[in-house]
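We call the chains A, B and C, going by the order they appear; numbering starts again at 1 in every chain.
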């Protein structure tokens, strides 16, 4: 399990580096998906399986849309990959930065903060976070309403910003 | 923009801020901030001008960063101490991060760079909303956490803001940028005092909002966004442009105008806390701001720029951009100082 | 107090409601009535010194000569500006007079304030009308930098003063002039207290102005319209002297050592600015530097803190207020005819305006402190008390007096005597208005010779 979580952590870091190093949108979205998936894996490894499930679904749904959208917008004949020089410099820089930080914090700081949510570990479905969600559904009705309203508002805002070619905000000038 | 959508967005703008006001739980406060940001975004791009879109993008990015930082800090505070209440923060990591995030939201000195750029891209009304209403929610949070934040950080941010606010405006010719820098400087004064007397900081914010409202509305009345436009604007409304001189001097904080009141009370409070040198430095940075206000005064009414004949006629036409708020705020901007004891009695004691 | 303040406030409706044809006549008459009513302050003296109709506003023998001077100056400023403002649009004329009147309101409130903080607010409040008068109605582009100099010099001094006053308030719990004279600061020798001492006086020394921080004054005088120069020389500089006298009471034992550099600077300034006057080419600038030189004498008289020094200072302030204001009016009358302030170009005016030459003569004699005039009385008292403080100062003050006499005569001889240049083609004769203006300046000066105890302060 430790190896698995370490693998996820590495995946998270490399995914973030992959996004942050400014490749073409295709590859950036790919990196984002990797980072999201690996992050959810880390959460599962430490007892947040429900949370990670929700996150994974939302991220995957959102990321696929973004991926499709960015691919449609920026269809370049020769997209920049991580091997290209300009991107490679960023990749190396960020990796170096991560190594420096790792060197700085090497000494077991994670052991204090790295506590699982409850006693049950690993791949068990009924977890502590599930009971929190249940509590929110049973007594946090107002908050849920509000959350739904915010989602609706976000939809409005996005529609308002992107509607039509002539009347919307995002358009070619 | 359809009036329904506009109404909906304005309503949500209010909803976000009031939610932040009303909440004692970090999650709700964060949610209010996010609603607020989301609601103002389409309002900012109402003009569909490329500069407005650019400004909106910058605004969205900074506000999202700040909100994410707030969420991160409050979660880590909850994780480390088990406390979600806003005024019960105790972990220094969390409070410092929160302070930084709120400074970013408010546009305070080390993280102020987005503020002039964003306001420069917007029209004057949205700029007004940005520099008044949008300050309220983060400021309410700042009031609640200020007692737990490290005083050194608060003082440094405050002093740096007054300094940068004065310094940055010196070389500007764009009115909106100047007003943004003036906002940075004024908020710096509030942050300086917020740890000693939160009601006084609130009073300063109130006075600042009144003053900056009249400045924005006066500029809107003459539709001027640069100093050049301001120089020829006296033909549109001679009365308002001569009052604009006094409004600007009030923003600069000269007695006997309203703007002197918060400066005076803040200096008094600082001296009372045995910090006369801090008070001295803060007062000196106000001189920097005074310089660009003075320059604006020179262009707006104290010199008459050369004009063509056609430029001289607009005063015959009725101005179209009048606002009923403008006379009220202008009066308050100019003549509130004699009421200081009454206001003090209302706000502080 | 209100019997003067309310008529002063009622000047605003007069200004804005009177028909344009009667604007100048009505405002002059009204303000002259206010000024005459203010003379009743002379009869107010009580045994205790203070005449306090309420807790906030009161006058004492130190402040009422200056308050009366402020009231007296307003009709004179209105008369003096009539010629160059009357051709502007009517609204601007009204605005201009309103600014002059608002200055009067602030000055009366400043001189009669019981609380030092109220005094401070009013002291600062005079900045805005003066700034607008200088930069809006001045004639050249340099007026903007003059306005900036004026604002920044003054505020650079007075913001520390605000902090120092708040510190004093925090330390002693009061800023009322009634109680402040019985108060001693607690720890007199620390660095902080010394800084506090400097902060308390710096604003007033800048306003006076002391030699070294005087650069704003000649600029402001040169660029300001005549009313601005008049009020600046006659009353606004005196705010500095007045404030110093008020603060001196509080500053206490620290002053004895701390005042040395400032006294030396003030005395040295008399010589330096006098020498600058001797080779000055600009008429208004010369008068402005002569103001700096006289104010240096006032500053040293105040800083050595003897009753004679104080009395001499206040006498010199009032007398210099009238004399320098008269000189600025005269400079303006010749400027309005020749359109030049350069002394090389405005020579030999005696041949053209003989009666004006008489006024020039009188005003110059007042400036150089001719024996019966109160200027001499003030200068003598200050010189004597400074001499008593240290006998070496007689070198500086004596030389200063000599230089003052020389440049005053130089001013008179250059502008009035000698051949008339060829370029004076058509010149207005001197108007009755201008003679009235000069008479209203110089008659009070002469009358004060008869009853100098009106401006003797506490020492009679």
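To be clear about the criterion, contacts are C-beta pairs under 8 Å (C-beta built on N, C-alpha and C of every residue); 3 or more make two chains touch, one makes a residue touch a chain.
Which protein is which chain? UniProt says A = NADH-ubiquinone oxidoreductase chain 6; B = NADH-ubiquinone oxidoreductase chain 2; C = NADH-ubiquinone oxidoreductase chain 4.
Quick caveat: nothing in here was measured; it's all calculated off a predicted structure.
Common neighbours of chain A and chain B: there are none. Centrality annotation: B (chain centre taken as mean Cα position, compared with the mean over all protein Cα atoms). Centre-to-centre, using mean CA coordinates, chain A is 34 Å away from chain B. If each chain is reduced to the centroid of its CA atoms, chain B and chain C end up 40 Å from each other. Distance between chain A and chain C, defined via averaged C-alpha coordinates, is recorded as 73 Å. Counting partner chains per residue, chain A has no residue touching two or more of them. Within the complex formed with chain A, the residues of chain B that make contact are 1, 5, 8-9, 12, 19, 28, 31, 34-35, 38-39, 41-42, 45, 48, 50, 53, 56. Taken together, the chain C residues at the contact with chain B in this complex read 91, 95, 106, 120-122, 124-125, 127-128, 132, 135-136, 144, 147-148, 151-152, 155-156, 159-160, 162-164, 166-167, 169-170, 192, 196, 199. Put simply, chain A touches chain B in their complex at residues 143, 146-147, 150, 153-154, 156-157, 160-161, 167-171, 173. Here chain B touches chain C in the complex through residues 238, 242, 245-246, 249, 254-257, 260, 264, 267-268, 271-272, 276, 279-280, 283-284, 286-287, 290-291, 294, 297-298, 301-303, 337, going by the rule given at the top.
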